[in-house]
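By letter and in written order, the chains are A, B, C, D, E and F; residue numbering begins at 1 in each of them.
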């Protein structure tokens, strides 16, 4: 499947914390940590595990810009 | 200002394309290109320019995970 | 690629309207029309065309519920 | 109340799972299951119950397009 | 229609700027200006006009918190 | 840090409810209550506490418009 989302950053899963319904998955992407909040169901369906290669996918309209 | 958004990735502005109301701003973040769709007004107010240091800011609930 | 987004609804592209930077793509999904706003660049990269099979993909945290 | 969100798909509530703060509500929309993550407070305020008619509401800018 | 979105702030439309596909609508909500980016189609369908009463509606998961 | 998000409404924290992974933070903004769903980690990192001044920050593309 190819998706329209402009941002698909490759990295490695470094942490998975499941909550009651929402999980937090952290990826190391070239040394930066990216945090994702997805459903527990998605974690299970994708079979996510620490150490695995994965992508952080973000739609362009969900990216803000900040300056110092 | 400190913001709750979990993802604040530092990079350099490499392209700014203004549309009628929506601009696309691209950042080079450690060699990966991140695309952001923000208002033209925001581009002007922040004084964004190619070559400038900036951050891509994304709320954790807007980050999806994908696997091959 | 498998993605964490819980909602991946299969349909057929019925309309593509490009703006200055943002395109509107409409899918017919079992008789309902779903409207998506994505970048012109994504329309081109996916090679989207009217009549084509495609999926509307939505993260669960972007779905609201309403009642009459 | 009429809302600007382009996508308002009618269906039936088939599952409600409450977490600590976030609930997952599933709708059957013409045979497809749509998953929504909303607050527990919203579930209570709308009086959502399995079997009830309801709408999945999604802003066009939150819909991505994918192709096989 | 009642919607799950936790934030429904009443105000008055003070500006509408249409782009090629995306419009910017500004509301005065108790003296604060709130900016919304919606489709031109939504502006037309709701019959939005400057001076009109309207609500800014935001899902709780789209609200970030910042401190000085 | 200055951020592109068009909406930065100043108010006072009136409630913080932590869940398993997701917290709900409520701000009183000129008499209106705004609800935010952010990570527990963000609540801790910002040191949020009831009574504190804070901003609700929302990207324009996440604001819908509704009329009666």
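Throughout what follows, contacts are C-beta pairs under 8 Å (C-beta built on N, C-alpha and C of every residue); 3 or more make two chains touch, one makes a residue touch a chain.
Because the structure is predicted, anything quoted here is derived from the model rather than measured.
**Q** Counting one step per pair of touching chains, how few steps separate chain A from chain D?
**A** Step count on the best path from chain A to chain D: 1.
**Q** Quick one: report the Å distance separating chain B from chain F, using the average Cα coordinate of each chain.
**A** Inter-chain centre distance comes to 21 Å.
**Q** Give, as an integer number of Å, the spacing between the C-alpha centres of chain E and chain B.
**A** Roughly 23 Å separates the two chain centres.
**Q** Return the distance between the CA-based centres of chain A and chain E, expressed in whole Å.
**A** Going by mean C-alpha positions, chain A sits 29 Å from chain E.
**Q** Identify all positions of chain E at which a residue touches two or more other chains, and write them in rising order.
**A** 1-6, 19-22, 24, 35-39, 41-42, 46, 55, 57, 59-62, 64-68
**Q** Determine which chains touch and list them pairwise.
**A** Applying the touch rule to all chain pairs gives A-B, A-C, A-D, A-F, B-C, B-E, B-F, C-D, C-E, D-E, D-F, E-F.
**Q** Within their complex, state which residues of chain E touch chain B.
**A** Those in contact with chain B are residues 17-24, 35, 37, 61-62, 64-68.
**Q** In their complex, what parts of chain B are in touch with chain F?
**A** The contact residues of chain B facing chain F are 1-6, 36-39, 41-43, 45-46, 55, 57, 59-61.
**Q** Applying the document's contact rule, which stretches of chain B touch chain A when the two form their complex?
**A** Contact set of chain B toward chain A: 3, 5-9, 24-25, 27, 29-32, 34-38, 42, 46-48, 52-68.
**Q** With touch defined as at the start, can you tell me which chain C residues reach chain B in the complex?
**A** Going by the criterion above, the answer is residues 1-5, 19-22, 39, 41, 59, 61.
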